[in-house]
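Both complexes shown next keep chain A, but they swap its partner, so chain B is in the first and chain C is in the second.
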Partner chain A sequence: MTSDSASPVILRGVSAAYGDTPVLRKVSLEIDAGELVALLGPSGCGKTTALKVIAGLLAPSEGEVYFGAENVTPLPAERRRAPMVFQKALLFPHLTVAENVAFPLDVQRIPTHQKKLRVAEALALVRLGDFGARLPRELSGGQEQRVALARAIVSAPRVMLLDEPFSALDETLRGQLRLLVREVQQRLGITTVFVTHDQREAATMSSRIALVLDGGIAQVGPARDFFTKPESLAVARFFGWQVLHGANGNWLAFRAEQARLIAPGGDAPPEGWLVLPAKHLFTTDLGTQRLARLRLAAGDEVEVEGPLPYVAPDAAVALALDPGCIREFPADAPATARGW
Partner chain B sequence: MRPALRPIVTLAPLAIVLLGLFGGGLLLGLLQSVGLFALTGSDAFTLSHYRALLNDREFLVSLALSVWVASLATAVSLLLGVTMATALHYGSFVGASRTRWQRTLLQVPLAMPHLSLALVVLHLLSPSGMLSRVAYALGLAPEPSAFPVLVQDAASVGILLAYVWKEAPFLAVVALTMLTRVSRDFDDAARTLGATRWQMWRRVHLPLVAPGLVSASLAVFAYVFGAYEVPLLLGRTYPAMLGVLAERRFSSVDLIDRPAALALALAMSLIAAMLVWVYLRLARQLVGERPVLF
Partner chain C sequence: MPARHSASTIARGMAAALIAVLALLPLATLAVQSLARLWLWPALLPPAWSVRAWEDTFRISSGVLPALGNSLAIAMAVTLISLLIAMPAARTLALSPFRWKSLVFFLLFLPILAPPLAAVMGLHVVFLRLGLAGTVIGVVLVHLIPAIPYATLMLVGSFSRLETDLEAQARTLGATPMVVLRRVTLPLLAPGLAVAASFAFLISWSQYILTLLIGSGQVTTLPLALVAAQRSGDQSLAAAICLLFLAPTGLLFLLVGKWLRGE
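Here is the complex of A and B:
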């Protein structure tokens, strides 16, 4: 297990389809060697398809996949050295944990003594050093995914592909496994592509996020960019920006936590802020914060989040926005993902 | 009703019939084979009929023949069945519709009784059968009787053919059903881990379907070992397979022979049970898991 074999991954104009249904449309993406990039997007957007194309499980209808300088497009999955960890751990039920982890080394005919060392090393990395003799049915869901991770890293892959590996686990376990994957990936320097539909997961794990919407990459960049400067209305919507019609017909987008709710008789907003009259619909208590839903005069419904004052339902209130925190998109920008 | 009693009560009518008829017959046979309740009036316990079997050359030759035919028929059926199932399973990767008619074809022999298949084999392979006539018509044989003897022959080709024809599709259907239950996601996982198709088959598919195949092939082995109708039609008079020999001795007009015939039949059952045990031991060493018994 070394990081020497990690490759950059480059997708050049990759399209893919299932039968006659196109799923990916001319996707181009460059991932540096040793980098962890999250492919983020809603269900059915094509992110898992992109991962399958990188793995070699699905042939692209056009475009190429490169691992470094090597065009791997014609290579079958078994020759790419790009193990994939799936939503289900998919441990082979007839093999013990150690045998499962040794599987990639067995098929490469690695000598036994070397194999044992590498399996022990991989299991120690995922903190399952004492679990080698167990069968998969004797493991919990989290342990199973850790074994699947060990199995993926044991053969010093060029690229590691993770397809929502924690989606079946509870939140506490997910948090622990995110940290573990990040730690293992950084220690070994394995180029990793991580598919998720969870923004928080993508933000906490990856150095960059590639947002996939409707079969294409809508925006690539650090997580912060998506929360501060979304490049399109669809990206803004996916990342939870609140959207309303501006006076000039353009779309105005803002973060719920950056807006203010002005209750009847409340303090006026700072000079220069945009103030819009609204009706308070209801407020949800989030524990440390409150989330209020408002209906603006133009009919748009938006949310404001923060330590909000109590406001009665149907009360007349105002929404105050800092102009520096507003993103404006043209009136004809598609409001949904298609055609971002 | 207490939950623990429910299965017992539910199964009781069937169990009473089975135990009464089958168990009762077995007990009566056992008693008569050791000289008790004999139809001839003799009522002295003896193991002489069992001891006599050890020196009974016809029995020993029949035993060897039965083991040979059952082993070979099972092995060939298993090989062919697994090969067919594999081909169909991987074929359906390409498209299920392409293999649908082959799957249907596979099930045809399953619906045919053994006796019918034996008659078909007899009709095809006997010296005056269809193949010999076709061979003669095509000039491949100078006359129909010159066609190789493939039924009632020394190598038991006819018997083997009938059983392979019947059992290979059976084992193929079992293997195919089990293969279908192995998630295709395992294939994707194995491929990205570097396994070729052969390695995937050898290291993932085969071990997962093997326990079920051991059970199914065990049933085939036990069935062929004790078979009667197919060896009667397609086998030689001497040596006959054990089932035929047991029936022939049991049907003897001389009732004095009856205890010896029963001893032979029970010895056959005991040997079959021992062979099944050996088979299971070997299979467990190979498969590494307890096979599912029917």
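Here is the complex of A and C:
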């Protein structure tokens, strides 16, 4: 269970389809050895398909997959050493926990004494050292996923593929498992591709995020980039940027927490800020912050977040934006990923 | 409500006892008959006992043992071949979406929907021409006609409950398709396979008319020997063969009973 085998993963112009339905369109992506990259996107965007192409469970209609310098496109799944952990733990129900974890080693015909050692090591890493003799049906959902994780790492894989492995678990457990996966991944230095639809999960787990929208990679980079410099209107929208029509017809995008709401009779904004008259629709109390929804004169509806003053519904207010925090996109940019 | 509880327990016990008596009484009668020297009405039990019928059964010259061997060999061959054909057929029917599926289902089950005798009359001519009539191979082939549809029907249920993601999972863990079959698919299908195999075996084992027609009297199986003994008027020998004939049924249901009950 060492990291020497971790490979970089390179996708070159990969397209894939289910029957006649195209799902991936010319996706190119490079992942460093030992890196954890999140494939983030809404459901149906093609992120799981990309994972299946890397795993070898689905043949691309064009393009190639490389593990390091080796073109693995023609290799069947069983020869790629790229174990996948699915949404469901998919433990073999007729095998004990230890036998499940030993499965990849059995297949490789690892000698028994060595196998026992590595199974024990993998189970200890996911903190299930005493669970070897149990059957899968005797485990909780979180324990099942930890066994699935141990089974994926036990054979020193070249790449580990995680397909929303925690989506069926409750929030507390998800948090714990995210930490566990991160810890195990960093300790072993396994190249990992992690599919999720959850921005926070993607941001906390990975060193880089590849945002997949409508079958293509819309932007790749560290999480911060998506909150500070989205490369397209579709990316901005996916990351919760507020969007309105500018005076010149272009789209203006800003972050709700960086905007200010000027209440009637309130302080004027700093010099140079963009001020737009608006109607206050309603305010939601988020506990420490408040979220106000405004309708601008042009009809756009946007949100402002912060320690906002109390404002009556339907009151005439103003939206103030720091020009340095506004991202501008051309008028003809597609508002959503569709048609992109 | 302990009174009510005990009442239902008693009722259940009585029902079980009644079923046991109904099931075992004919077997007990057979056992007594097989050991009777002469057993005439109105004697409740035979006046004299003898193991003559059993000695005859196991005497080579009586032909019962060769018939037993034929029956076993034919039934095992039928079981094996039906499973080999039924497994891919059932997998496709259960898991692959394709057009005309209900038509394929109908065609598959036609041999058990139509009276087999009708089909076999025509087949007999073909088998004669091919030189298969009167051979063990011919009998095996004709037994497959009812055995394959039943085995397929049993396995379609198992395959539709099979989680095929487990197979994909096994492949990403390094298992070749053969290893996936041996270590994942077959163990998961084991209950369904056992039930399907039992059905195929018993269908072949209890076949009389198809064996008689296609075997042309050259291939003697246990049902044929049984009917011959019964026709000859040797009731004790017939009873002994009958018990022998029932043995694998009992054995199979002991072995796969828990799967038949859906556990």
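Definition applied: the second predicted complex is superposed on the first by the 338 of 340 C-alpha atoms of A that agree within 3 Å, B and C clash if a C-alpha of one lies under 4 Å from a C-alpha of the other, contacts with A are read in each partner's own complex, and residues count from 1 in each chain.
We adopt the following convention: a contact is a pair of C-beta atoms (placed from the backbone, for glycine too) under 8 Å apart; a residue touches a chain by one contact, two chains touch by 3 or more.
Small disclaimer: the values here were computed from a predicted structure and weren't measured.
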Inset, instruction - Sticking to the clash and touch definitions up top, decide whether chain B and chain C on chain A clash or fit. - result: clash
Inset, instruction - Scan A:Gly13 for contacts with chain B and chain C and give back first, second, both or neither. - result: neither
Inset, instruction - With the two complexes superposed on chain A, say which partner A:Gly129 touches: chain B (first), chain C (second), both, or neither. - result: neither
Inset, instruction - Applying the touch criterion given at the start, work out whether A:Leu90 contacts chain B, chain C, both or neither, answering first, second, both or neither. - result: both
Inset, instruction - In the overlay, answer first, second, both or neither for which of chain B and chain C A:Leu57 touches. - result: both
Legend entry - First, second, both or neither for A:Pro74, with chain B first and chain C second: neither
Inset, instruction - Have a look at where A:Pro222 lands relative to chain B and chain C in the superposition and call it first, second, both or neither. - result: neither
Inset, instruction - Please work out whether A:Pro330 is in contact with chain B alone, chain C alone, both, or neither, and reply first, second, both or neither. - result: neither
Inset, instruction - Overlap the chain B and chain C contact sets on chain A and report the shared residues. - result: 55-57, 76-84, 86, 88, 90, 92-94, 103-104, 106-108, 151-152, 155, 161
Legend entry - Of chain A, residues touching chain B in the complex: 55-57, 76-84, 86, 88, 90, 92-95, 103-104, 106-108, 151-152, 155, 161
Legend entry - chain C residues within the chain A interface of the complex: 163, 165-166, 168-177, 179, 183-184, 187-188
Legend entry - Interfacial residue positions of chain B with respect to chain A in the complex: 183, 185-186, 188-196, 199, 203-204, 207-208, 288-289
Inset, instruction - Would you mind writing out the residues of chain A in touch with chain C in their complex? - result: 55-57, 76-84, 86, 88, 90, 92-94, 103-104, 106-108, 151-152, 155, 161
